[in-house]
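Below, chain A partners chain B and then partners chain C, in two separate complexes.
Entry: the complex of A and B
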């Protein structure tokens, strides 16, 4: 119970710090942020916006207001010139699901390919297949996701014309076209991840396969396939979870860039537009959202550890 | 039955393993290193490529100049003409020259960022690991908060805020100069790398600080600074160095990502990332403009990763914190 409480306090502190950092970004900006947000504007209009952004208040008070609004889901405004306003939350509402879809698809592809590869490489450790898989994995880690995205969009999209090289179709509009439009982006994100998962799963499995209970299972005459999939893979789920935790950050960064290459209207494009049109309020909110999401995912992974691993669960229960 | 006796193979594989979390490649590499005790052919190839890039980045822009008005040579492909072995871009610039200039800026940004990270993160990590106690928990807390933001997002945030064109009250924009932009990129990517380098340094410093020779130095009355620099630091350096090599690769890729987002190196200057970002618009017609810098990035990152792994294996660096 006390550890749980400490975890919650830790989480709150980290979330506060991360949100404060995102907020403080705007004060790092050289020059007047209002002039940057609305380029051509009269002095009274600027004064109004300055007041609206509470830039005339003390810094801590500004942060308090911002945090309060943020918690209520009010992510601030996008300014189209001195008078036009749009809601950041509406834009995020449209873009975030698309980015989440992309990450989910690439996660599915990653697991579907990496787990069989890792298991098989461990089972045939030292074989030609194992060496080949390792070398490929090492190579694909060195290939940045945006590079792979460009290569795929050129070869598969432009040369072979198998799949669309850019654009996004909403799943409710046409599910097949939707999946087609997401295949290349998800694949470009997945390849680097597959390598990471495969390598760790392989070395974890090699250790597991030497355990006595595997020998026991073998001597009982249980088929190889069953030993591999039922007895040996399961303890490695924690390793997979660890990699997942490490990789989420890379996945988010990769998704932002890959979205831009394939013209997918997700968070990446929102972020790029916000930077290009100097919408610092929007930039603040997006950075804060992504960072908070990332922190929460890592906390969930931590909690899953306790659920999956009885050793940790029991140790916590005693403590 | 598990036919090819995996346990025997596995034992051989594990024999060279590190003590930390198992890393398949490090094991494989270490196994090879222990056999040859050298960098191996691949290692020399990797070093050769890096040296080649470095020499090209320095020498080619010194001796080769862009010819004026070369419009008629625009968009020559790979090996189209012997004069331009790697082709030309949309403005008729020789790709060889562009790639060399790009190599220079890509190296400045990535190596500069990691040097920044090594100096700042390394010294913070050393202090945290050596003194332990409250200072350590405060510093570790700061590192963890920096790590709580996805690296690329942190870099985007820092660069886009620091390197925005300022607009004066008359609405006239003042663009950031290329030199200043490079500096901002170095600092932003450097800040991103600080917590990672600091944590690996701290973890190693923590172990080495408890050894007898450190105690001996302190017993002889050496000051803390002397002990840190002369006794602890030399032992921590291999770990820092191997992670730094991987870090340079990561920073180089990150610069590419930033360029595609439009916040990397900007037009008059060239970097590999920005060549990709600009050439992307014309991918259909002249793919070589994009694929040549991609090949450069790939080979460089591959070499850096490989050498990082070799060093890690040779010095038995434990990745307990990564």
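Entry: the complex of A and C
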């Protein structure tokens, strides 16, 4: 119970730091932010926006005000010219679920392919299969996701017409079409990660297979398949878990290039648009959200460690 | 990946004869392929083990005793060449590999490993580690397997067995973990148990308890046991026979009592002398065996112990003595100048007079004979 409480306090402190820096980062940009947001405007209009954004107040008060609003779910406004206003929270509300879907799909594809490959490559370490898998892995790591995205979009989408080359369909509108629209983007993101995950799991797994308890399991006469999956995978997966956590954190902000190529209206595209149109209020909120996502995912990963390895659980309880 | 499981490995050889020895090992050689060349870890070992009997395999580190037990079980890594004949219940298993051997593991033969701290899976509950082989080999229900696991834990003397089933290995002490290991090894009722230095990693105070437990289980189950150890004291009162190994060979083999009363091989004698005795005054220098075991990639010709042996003569350096039976039944040894014989006495007297053995090792009068030069433990 005390450890849980300490975790929560830690979490709050980290989130405060993160939000402060993401706020400060953009406020410290040179030039007049109001001019950046609304280019053509009269002096009174600019003064009004400046007051609205509290740019006339000291920095700390600005932050306090922004943080208060952020905590209440008010992520500020997007400015369409001097008079038009849109809510950032509405936009994020639309984009975030789409990015999360994309993240989940690419994660599923990645793990479904990487884990069996890594396990088998470790079991057959040094074999032709292992070497082939490693060579392919290097190739796919070297291939950037946007290049693959373009190739897939062109070949599968435009030439072969098997899957839509761009666009997004909401799952409640048409689930099959939704999955079709997400296949290529998810695949583009997954391919580069499969190789990394596979190699991580392979090297940890090779070390695990040298352990005494694997020989012990073997001496019980249980099938190799069971030894690999029941005895060896779990103790070998902690590094994989860590890296997967970091990747998930990164994908909360969306995959900017892949989303743009496939016309997926996710966080990546929202972020890109915010940058191009200099919507610094929106940028502040999105950057803070991404950072918070990172922190939360890593707390979840921390908890998962204890699920995967009971020794960590007890070590923490004692500490 | 692997063929469908075959239920109940025990019925694999329904015509297995019930009489005759359980295990016959004949001229078994195990070689490791290394960049330096073949390491002859086990080099022509033979012995026979009857049902329900126990044999102790004794020797210092690197003599091949652990590799021998793993060779018999077929639990070896891939860089190994195994030769010779191993018959289990009359069936040749010397050339069986992987899948074929798997049906013997657990049900016919099983192993208790040296280090219980690293030999239990740290992320699996103890209960699951016991029930796993029961469920697989005997195809019993989950409830039945759990009941059996509970009974097993109780029979190996684990208090609060029910709670322990739900725990992980790190929550248990070393002695308790070794008891769990024994429970796992016994789970499917093997006919042959290998105990590979089962107490070496344990606290001295629990060593005797674990050995007693092994002996008790072995008797109750009428199970044969191969007890591998570097400590003659461990096997002294607990085995029917003892085989002393040196450089991958058996150098002396005898019924336990005989080995101690009629020691023939100088290496056995040296091992016996190196055991500290309560009768000795305190602070007395222990009789260590000087020198170190030979290089197993290029073993010297002749008797492998000759370079360290106080009895060594010129003949020992060029000709390897065969493992011959002595006048006493069941007693065999490899030596031209055996301890206690006239040849042995003469050989030692000659070496003492010369001040050195045929291999050039200096020897001194009785008591110091073996503890000369740098002591390598």
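Note that the second predicted complex is superposed on the first by the 300 of 319 C-alpha atoms of A that agree within 3 Å, B and C clash if a C-alpha of one lies under 4 Å from a C-alpha of the other, contacts with A are read in each partner's own complex, and residues count from 1 in each chain.
Keep this in mind: a contact is a pair of C-beta atoms (placed from the backbone, for glycine too) under 8 Å apart; a residue touches a chain by one contact, two chains touch by 3 or more.
Note that this is a predicted model, so its numbers are computed, not measured.
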item: Which superposed partner A:294 touches (first chain B, second chain C, both, neither); value: first
item: A:231 touches, of chain B and chain C: first, second, both or neither?; value: second
item: Touching partner for A:310 - first (chain B), second (chain C), both, neither; value: second
item: First, second, both or neither for A:209, with chain B first and chain C second; value: first
item: Contacts of A:11 with chain B and chain C, given as first, second, both or neither; value: neither
item: Partner chain in contact with A:218 - chain B first, chain C second, else both or neither; value: both
item: More chain A residues in contact [chain B versus chain C]; value: B
item: Chain B and chain C footprints on chain A, overlapping residues; value: 215, 218, 224
item: Contacting residues of chain C [partner chain A, same complex]; value: 1-2, 5, 9, 73, 75, 98, 102-107, 110-111, 113, 115, 118-124, 132-133, 136-137, 168, 170-171, 181, 184-185, 187-188
item: Chain A residues touching chain C - in the complex, by the definition given at the top; value: 211-213, 215-226, 230-231, 234-235, 308-311, 314
item: List of chain A residues in touch with chain B within their complex; value: 14, 17-18, 21-22, 25-26, 28-32, 35-36, 39-40, 122-127, 134, 137-139, 141-144, 146-147, 150-151, 153-154, 158, 199-200, 202-204, 206-207, 209-210, 215, 218, 224, 227, 248-250, 252-254, 256-257, 260-261, 268, 271-272, 275-276, 278, 280, 283, 287, 290-291, 294-295, 298
item: Touching residues (chain side chain B, partner chain A) in the complex; value: 1-4, 6-7, 9-14, 17, 21-25, 27-28, 144-145, 148-153, 156-158, 160-162, 164, 166-169, 171, 249, 253-254, 256-257, 260-263, 276, 280, 283-284, 287, 290-291, 294, 297-298, 301-302, 305-306
